[in-house]
Amino acid sequence: MTLGRVAGTVVATQKDPGLTGFKLQIVQNVDIETIEPSSGFVVAVDAVGAGEGELVMCCSGSSARMTDSTENSPVDAVIVAIVDSTELGGTLVYEKSKD
Amino acid sequence: MTLGRVAGTVVATQKDPGLTGFKLQIVQNVDIETIEPSSGFVVAVDAVGAGEGELVMCCSGSSARMTDSTENSPVDAVIVAIVDSTELGGTLVYEKSKD
Amino acid sequence: MTLGRVAGTVVATQKDPGLTGFKLQIVQNVDIETIEPSSGFVVAVDAVGAGEGELVMCCSGSSARMTDSTENSPVDAVIVAIVDSTELGGTLVYEKSKD
Amino acid sequence: MTLGRVAGTVVATQKDPGLTGFKLQIVQNVDIETIEPSSGFVVAVDAVGAGEGELVMCCSGSSARMTDSTENSPVDAVIVAIVDSTELGGTLVYEKSKD
Amino acid sequence: MTLGRVAGTVVATQKDPGLTGFKLQIVQNVDIETIEPSSGFVVAVDAVGAGEGELVMCCSGSSARMTDSTENSPVDAVIVAIVDSTELGGTLVYEKSKD
């Protein structure tokens, strides 16, 4: 999985019926060592109610269809978690409560 | 999923039977921050009737087979939506009506 | 899907039984704007009887198993079409009859 | 599969139910010729009880759902082994007991 | 599929039960035009009994589970063939008997 920040949204009314009811979030990748924005974005279905700016974990590929809401849907990326904290080498790198 | 502009088409008569009836669109990636063309193209089946120049959302991999028309077909990319608008950091980046 | 030219072949007699009878083609990627060779090759099973030099469309990943011949086989790339023509921005870029 | 070192952890309480009970490890890629850290990280579910600093093997994509614990879960990367040793060209490159 | 040389091995005793009995080979990518080593390695399960130094063909992703031995296993890369010869543009590039 990858970590990123919810950076925006995509709105589309003319779409495959399998996408009905999904919130489409634009997620910007972050550097996992600093949690600063890095290059690269993905449009992901939000399965956890993430808000703009929140640090989230995304799952890609066929596994993106393994949440209750995305089963059998034409989606290749889904937000599966809102991150509370990350730690690298015993040091706290990110803490949601201080974000 | 990724965003791109429909840039052209591919025509092929000698093909796997599983591709019969599909419109094959060439989609050029766009920079999600500016909606300007970026490097990279993909040939995708059109599941939503997109026209040349339109901003679309593509789904890749096995999930490209999750639309009604592409089920069990040998396709790894499909256009699943025509984008109405995108927003980043609270600012409208793209609006179809002004495109 | 991606476009490429059939550039050569791979022969292998000691192989998984699931590959028996397949023609293994080396396909060189092309720049979709010029149809000139670009970097990158893939070895793909030929599902359409493509000849060396022909411009073809390849399908990758699990969808490569969605042709009649490749079902349940250990293949991750397959040639699914021989390209007749491509068009970009209303301009004909490639035409097989003039190739 | 790829080799990497367990470098840290991700904690998330607000998540898809399919992730319940999983330990989320941050794995840093290593250069397979030297076993030194290289660029790139992945967040992977730990299926083998790996500890921080250990050299592990990760499996990605749909195959990440093929362990007993990750079946049908929205995960695209899993730690499937703790590496004892690696050898390249007849020379021992890494030995866990000397790590 | 991709071509590479068997360059070494990975040994792991603490692993997911689904990996039991597999030989884990380190495969180094080769430049398909010269069959010289290029950057990039993958750890692949050996389904064909390849020996160190041999030129092999690897299959990745979910299709890596389509050999008899790797069915339902947490593996994302498998050696599916030992290459006898390759040809590009009508010229023999590699011949196993002269390797």
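Residue numbering begins at 1 within each chain, and the chains themselves are lettered A, B, C, D and E in the order written.
Quick note on the criterion: contacts are C-beta pairs under 8 Å (C-beta built on N, C-alpha and C of every residue); 3 or more make two chains touch, one makes a residue touch a chain.
It should be emphasised that the depicted structure is a prediction, and the values quoted were computed from it without experimental measurement.
Asks: Check every other chain and keep only those touching both chain B and chain C; list them.
Replies: none
Asks: Moving only to chains each one touches, count the minimum steps from chain C until you reach chain E.
Replies: 1
Asks: Any idea if chain A and chain D meet via the same residues, over half in common, or different ones?
Replies: Counting shared over all numbers used gives less than one half: different.
Asks: Using mean C-alpha positions as chain centres, tell me how far chain A is from chain B in Å, no decimals.
Replies: For chain A versus chain B, the centre distance works out to 21 Å.
Asks: Quick one: report the Å distance separating chain A from chain C, using the average Cα coordinate of each chain.
Replies: Centre separation, chain A to chain C: 34 Å.
Asks: So which stretches of chain E touch two or more other chains?
Replies: Within chain E, residues 61-62, 64 contact more than one other chain.
Asks: List, in order, the chains that make up the ring, beginning at chain C and going on to chain E.
Replies: Order of chains in the ring, chain C then chain E onward: C, E, D, A, B.
Asks: Residue numbers of chain B touching chain C in their complex, please.
Replies: The touching residues are 7-19, 24, 26, 41-44, 52, 61-62, 64-65, 72-77.
Asks: Considering the complex alone, what residue numbers of chain C touch chain B?
Replies: On the chain C side, the touching residues are 1-3, 32-33, 47-49, 57, 59-64, 66-68, 78, 80-90, 93.
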